[in-house]
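Below are structures written as structure tokens.
In the two complexes below, chain A is the common chain; its partner is chain B in one and chain C in the other.
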Partner chain A sequence: MRIANSEMGTANSELTREQILKGLEPLGTNGDSKLLTHLNSCVHCGLCAESCLFYLATKDPRLTPARKVDLVASIYKRYHTFSGKYLPGLVGARNLDTATADEMVDLLFGSCTGCGRCTMHCSIGVDISYLVSVGRKMLSNMDLVPSTLQSTVKAAIDTGNNMAIPTADFVDTVKWMEEEMADEVGNPEASIPIDQPGKRILYTLNPREPKFYPLSISAMAKIFYMAGESWTLSTRMYDVTNYAFFSGNREEAGLIANRLWKEMEHLQCESLVLGECGHGTRAFRWESPNYLDRGVPFPVMSSVECIANYIREGKIRLDPEKITEKVTIHDPCNLVRNGGVIGAQRFILEQFVPDFIEMIPSGADNHCCGGGGGMLSMSEYNERRIGAGAIKAEQIRKTGAKIVVTPCHNCVDQLIQLNAAYKLDVKIQTMAEIVAEALII
Partner chain B sequence: MPTMEIDGRHFEVDGDGFLTNPHIWNDDVAQLFARYDGIESMNDKHWAIVRIIRRNFEDKGMAPMIRTICQETGVKLREIYDLFPLGPARGACRVAGLPKPDGCV
Partner chain C sequence: MTWYEWITLCSLGIFLGTSLFYALRLIRLGKPVDKAPASGSVAPAVRYSMSGAMNPAKKESAYLHLPTYGAGILYHLGTFLSLLLFFFIWMQLPFSRMPVLILSGFLVLSSSCGIGILIKRGWKNELRALSNPDDYISNILVTLFQVGTFLALSIPELLPFYFLETSILFLYFPLSKLKHVIYFFAARYHLGFFFGRRGVWPPGNG
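Moving on, here comes the complex of A and B:
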């Protein structure tokens, strides 16, 4: 889409002194050895450039991950080192002012999906995406989170789900999908349980499923039904997403994560199964103990691991003749590189997809789709997001696959757009959708 | 303010190409936006979907659930994804002149 845009990434007005002080708080290290180590270790070898899809798609040196590290480190130097305080120009120390904040918004929100590929490739192990998240936290403290991203966080906090879906509409949609599922399994009694306490599993969804793409709900319900699972959805808290993980506001991220935690306690379920959402899985499973200062006391797994277990335990069977087209898989960064779920999705597809091809690179080294990090919600970066997606589009094209499976609804949406923009002519599916198609009833 | 040009007409839009001012929307705008997305000519089903989205937006200030769209128009769920290749949000809601919905769309 060709859109003339002059407003990309600006703080718009002068920062107040209070804003600056709050913005500097995350750099007040108090002996935080992790932060100090990563802020002071970059040797500018430049290897990270080739790992970043924003650099690869544009060849713009401004977008290299090391520049993002330098930006945060230069502010740290200015306020926390002797040379930075007295000879800032000599050591590249920068004031936290409007120009610096504008650049931070543009580089840390507008040209980074937090995919972590640079971190994995860093020659000395600097956790670059951690430093980007520190920078985002500084911006969040200064109320400079792009409003387009913040409105998604606000919808989740105010209404209980990030698309502000009223409960009655949610229930109507689940009932509709229950009919669809019962029809497919040939049992009018087959149901999608809602708010039922004491079940083995509480299952969560991305709100875009009930709102616009409900077939993934009936697909997963069909899998649960065939596996004979004891499970339920919740009307009080079904939203697996946590956009505050992207905005850098730990309090809001903790508030959202705590709701899911409370709902597990409320419904007295044994395990939490997180729907196909990369960041949502990471934000709850791996990050929520950091937000909430306590470990998660119940088992948590992604739905991909849950489906793989059903196959291993012989609870579901899949028809190897059902899917005849060539299939590839897109690995969501937060689930795969940052979450370690690499084998489960491949194990599942091996069972019933005869013509499977990997992208190059794939698994932990896979390229981000370009829509992560909250990027999909930030309209002002649409063109850059679709531009960076050229790397993924080319990867897909080279496989010659007709179906791209990805266990992340956010990736699905970016891939739908890349499919149109780069004329890939592929079908994009979630894991539950392709598995449900091949289920032997 | 970002602008988008279609057939010589300029529209104020957000970065994703959604109309900034939903009130300037009319049937001509819908057709132009649809053509921009590769829908050469809107058929009765396209129009029925766009009208129900528009009505819901005017009554309730937001896009309807896809269930409402199917119920009110009689169009089958799977067919909606074929009619609007960019999906109900980036496809149909944009043609209907709504602001971009929040979330992973």
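Moving on, here comes the complex of A and C:
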């Protein structure tokens, strides 16, 4: 592709020619019918606005999904279509310049969690969140990922976990949780295995667990113990998250995912069970085979599916009288709408929660909590994130539930903050936590 | 053939040629590659994507905007009807009075919907901010095509204008968002592929 300087808009731009060329690379549609299709499909009907939490919460016309699509598509048109090249004003084609890049950062990183709800409701069927991810990749190619998000990715690459927890601290926390768990199950021999080869399951965690919520480690350990599972954690690679999936850097995402593959090989476990993390599950289960260009040689499942299997197989039993309060569930977008795990969490709760209520809408149509897409790590957007969470807060309030269960630690973090900001007076729990509470020991 | 028919023939060739090019390019690129093991099936999900998922009760873009959605449907039906009638008019197939009245009545309705959608685009802040000249021009040309069709059915003297307006529409097609007529089906296919493999569509799988 030859691009004249004038087309690149470099005259008034601080972006270098090299940056622009790299930024344009992801828009090359040769060989990609999905990209070509979605870049050419939006008709600017604007009917997707009300499907997006950012627009709903602010009524800011800049934050509609259509504007996010248009931003990426307008650059594509400028460099790849006849009308965009020769009649840019006619079709709203835009140069990739500093102003455009700034707007992209604000809209694609700061005003979109990539939840994909708008995609399902688009009048045409434009995969809006996919185009947002293409736009993020363009920004990543230009080194324009917000530094807050990039530092989370860097921590994961440099230290093996996104919170840079030293291994000794991690082991201490696990040992402490082991004692808790042994107490609860009444067996001093009960353990949380670490780095044990040849186990059936390698289990991964969100680093928020050892850092802030260690009880969720003991909760899942208790479930494994009661199910008689053969499992282990790894000190070398226990981080289920993959923030490079959010930053749009495919190489870094592949590098992080590859560590988990290697650890599976190293420990020679049979199956990988991904801890409660929506994007981490999506990044490994659905995206990593494409990052790494190879099929997965071992079974992979989310911990929610694993718990549901234990119940189906009669390996664990749950006390239906233990949880007396009204419970609702928040569906993490990457696990549910974009990952297909929809029924397992409901099946689990049906077994022991007598007073369950769905949010409206729920399941694959659920509203995002506002904490996805790397938003939690981008502190510069905190106010917007909490503002967009108003939609979720209202959903929760309308259920009248006292407990909100969500199988994702990122969602837990956001919901805890929404709980405080919107005075919801609810308890937020992961699936492992509520199940562990009701386990019949 | 008259001079204006020759012009229309050439523009029709460009319209059909570019449509074919866009469609064949998509077909040549083939299916997306997904190395992740599937949880569900693509075929039923693609069927659902083209049918159930388009149900107005399932899409906020439809049920939260029923007047616009309804107008959009009528407008598109009017366009397809006008395209069909274009060939009838060109071949000078005779119409009796009653069908002409019914077809004209429908086209009056559908073109009014087009005008309504155009007014909304200019009126609403969000839509105006999103729109570029092509959004207006595409609407105006298609609406005029429908208006021209019902006028041409009753007033043969207007045929030269009708053919010229139709020619402009055909020539404008490859430059504009009107191409979505082809990409629409591909977009529905890709959604079905994505949500089908992940076991999200058809609903009830996960």
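Methods note: the second predicted complex is superposed on the first by the 427 of 441 C-alpha atoms of A that agree within 3 Å, B and C clash if a C-alpha of one lies under 4 Å from a C-alpha of the other, contacts with A are read in each partner's own complex, and residues count from 1 in each chain.
Note that contacts are C-beta pairs under 8 Å (C-beta built on N, C-alpha and C of every residue); 3 or more make two chains touch, one makes a residue touch a chain.
Computed from a predicted structure; not experimentally measured.
Participant: Check the residue A:Y79 against both partner chains and state whether it touches chain B (first), chain C (second), both, or neither.
Facilitator: Neither: A:Y79 stays clear of chain B and chain C.
Participant: In the superposed model, which partner reaches more residues of chain A, chain B or chain C?
Facilitator: C
Participant: Touch test for A:Y381: chain B only (first), chain C only (second), both, or neither?
Facilitator: Touch partner of A:Y381: chain B, not chain C.
Participant: Looking at A:R67 after the superposition, I want to know if it touches chain B, chain C, both of them or none. Which is it: first, second, both, neither?
Facilitator: second
Participant: Touching A:Y422, do we find chain B (first), chain C (second), both, or neither?
Facilitator: So A:Y422 meets neither chain B nor chain C here.
Participant: So in the superposed three-chain picture, is A:M163 touching just chain B, just chain C, both, or none of them (first/second/both/neither)?
Facilitator: A:M163: touches chain B, not chain C.
Participant: Once the shared chain is lined up, is A:V296 touching chain B (first), chain C (second), both, or neither of them?
Facilitator: second
Participant: Contact-wise, after the overlay, does A:G340 reach chain B, chain C, both or neither (first, second, both, neither)?
Facilitator: A:G340: touches chain C, not chain B.
Participant: Of the partners chain B and chain C, which touch A:G46 in the superposed model: first, second, both, neither?
Facilitator: Once the two structures are laid over each other on A, A:G46 reaches chain C alone.
Participant: Give me the intersection of chain A's contacts with chain B and its contacts with chain C, in residue numbers.
Facilitator: Dual-contact residues (chain A): none.
Participant: Note which residues of chain A are touching chain C in the complex, please.
Facilitator: Listed in rising order, the residues of chain A that touch chain C are 31-34, 36-38, 40-51, 61-62, 64, 66-67, 70, 82-83, 87, 89-92, 119-127, 130, 285-290, 293-296, 336-344, 363-364.
Participant: Quick one: in the complex, what on chain A touches chain B?
Facilitator: Where chain A meets chain B, its residues are 1-8, 148, 151-152, 155, 162-165, 169, 172-173, 176, 206-208, 210-215, 241, 277, 376-383, 409-410, 413, 416-417, 419-420.
Participant: In their shared complex, at which residues does chain C touch chain A?
Facilitator: These residues of chain C touch chain A: 25-26, 29-37, 39-40, 49, 53, 59-62, 64-65, 68-69, 72, 124-127, 129-135, 137, 174-177, 179-180, 183-184, 186-191, 194, 198-200, 203, 205-206.
Participant: Tell me, which parts of chain B touch chain A in their complex?
Facilitator: 1-5, 13-18, 36-38, 62-63, 65-68, 77-78, 85-90, 100-105
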